[in-house]
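Provided herewith is a single structure, encoded as structure tokens, for subsequent inquiry.
Residue numbering begins at 1 within each chain, and the chains themselves are lettered A, B, C and D in the order written.
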Amino acid sequence: MAGAAKPIVRVQREDFDPAVESEALRRGRADIGALVTFVGLCRDEGGTLQALEIEHYGAMAIAEIERVAAEALSRWPLLGATIVHRYGLIEASGRIVLVAVAAAHRGDAFEAASFLMDYLKTRAPFWKRAHLVGGARGDWVEPRGADDISAARWRAAES
Amino acid sequence: MAGAAKPIVRVQREDFDPAVESEALRRGRADIGALVTFVGLCRDEGGTLQALEIEHYGAMAIAEIERVAAEALSRWPLLGATIVHRYGLIEASGRIVLVAVAAAHRGDAFEAASFLMDYLKTRAPFWKRAHLVGGARGDWVEPRGADDISAARWRAAES
Amino acid sequence: MKALYFAWVRERVGKSEEEIAPQASVATVDDLMTWLAEKDEAYAHAFEKKSVIRAALDRAHVSHDARIAGAKEIAFFPPMTGG
Amino acid sequence: MKALYFAWVRERVGKSEEEIAPQASVATVDDLMTWLAEKDEAYAHAFEKKSVIRAALDRAHVSHDARIAGAKEIAFFPPMTGG
């Protein structure tokens, strides 16, 4: 749609700055009414988790996130979207993923950001493994059933 | 609920920094998995709007936003919430309102932030007047029917 | 009691606040709007469509059938457009 | 074709990638998992519950009945847990 920027997608080891990412969507334009920024953080699970190790399938991750972003742009009249996903070792309280979405109206921005996160969770090729406090290597994180249910919400509107 | 911070509510003339507000929710804790930051901006309406003048009922605005925030905290297991609403003259592309919500899981954070914005729009005592490009004073902004419909979404769950 | 007016209600009334002293028979928010509308043409214009006007008693939203007895502050304003 | 393994599939197989050359009768993703499972105990362990394993052909998700002919790269992995 008119004014829609090409989504920005990055997969990287280093940390990101949510303020820089969301400000970049907004800068130099006055047609944006709503800017939603989501940051996913590494929880310490009640003090038991030291870090998450995130394995990924690099080439596919970029391609898959770009597909998900294109899907969001086709569904909502967005004025910009940025998705950044980290891999490697992320300490408790560290940032894992960012989704920033700009739109004229807040309903579109909230829905698109929520959709992007649901689809990233269930489609982007990343796998988390826990590193426990004390040094032990924990298990691979199991997918939450809630994530599939959350992603399925968007399918009713497809058909 | 355990871990829930008292919501931070501010009504002010001066601008705010979304990064400072959302970072303050996150700092020093590792139980947050999802941080949603919404910023509402002044659109220039296709280049016709110079600024919005926001009138408000100061004493009630704080009280009403605090009631809305308390309602959000009672509905979702939040780990923090900050709401900042500006008044006075806000130029096109300027920031008007911030809602930042922290939770363990993203579904709660997205829903609570969306709820807070819907309720702010329909309950917080602020009124916008347009200032047009060229210097003319425009009309008071009419409420969008979409805002009432959006706010009504949350009522089904109440009864 | 103190009456406050906001946005176009304020503009039509021509002031942002005033002390008012309605008689005891003015019992509800709706009664008070009718009473105010009878003051002069400016008030009549402000309150000509009572149904679109919102009210708050002591800084909390109330419906038009709320009783005003005991309230220190009443505010009248159009539907909110913040956020 | 190149086969890639991720997360616990990689750990069980014992390598992250390799060249494989299944015979022509191995037509689908499901066939290929069965073929791999027959290689040795490590592969048998990795692919013992085929239904939980996801596959991608040339970097796009596919179902287990997808045909592998013509693909340059196939990846096997557990359900994703990113985001």
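A few remarks follow.
Note that contacts are C-beta pairs under 8 Å (C-beta built on N, C-alpha and C of every residue); 3 or more make two chains touch, one makes a residue touch a chain.
Quick caveat, the model's predicted, so the values are computed rather than measured.
Counting steps between touching chains, the shortest path from chain B to chain D takes 2. Centroids built from CA atoms put chain B at 22 Å from chain A.
A straight line joining the Cα centres of chain B and chain C is 26 Å long. Rounded to whole angstrom, the centroid-to-centroid distance between chain C and chain D, based on C-alpha atoms, equals 72 Å.
Along chain A, residues 40, 117 each make contact with two or more other chains. Shared interface positions of chain D, defined as residues touching 2 or more other chains, are absent. Of all possible chain pairs, those that touch are A-B, A-D, B-C.
Those residues of chain C lying in contact with chain B across their complex are 4, 6-8, 10, 56, 59-61, 75, 77-83. Taken together, the chain A residues at the contact with chain D in this complex read 40, 54-57, 59-60, 63-64, 85, 96-97, 117, 120-129, 140-143, 147.
Per the touch definition, chain B reaches chain A in the complex via residues 17-19, 22, 26, 29-44, 46-47, 92-93, 104-107, 109-110, 113-114, 117, 146, 150.
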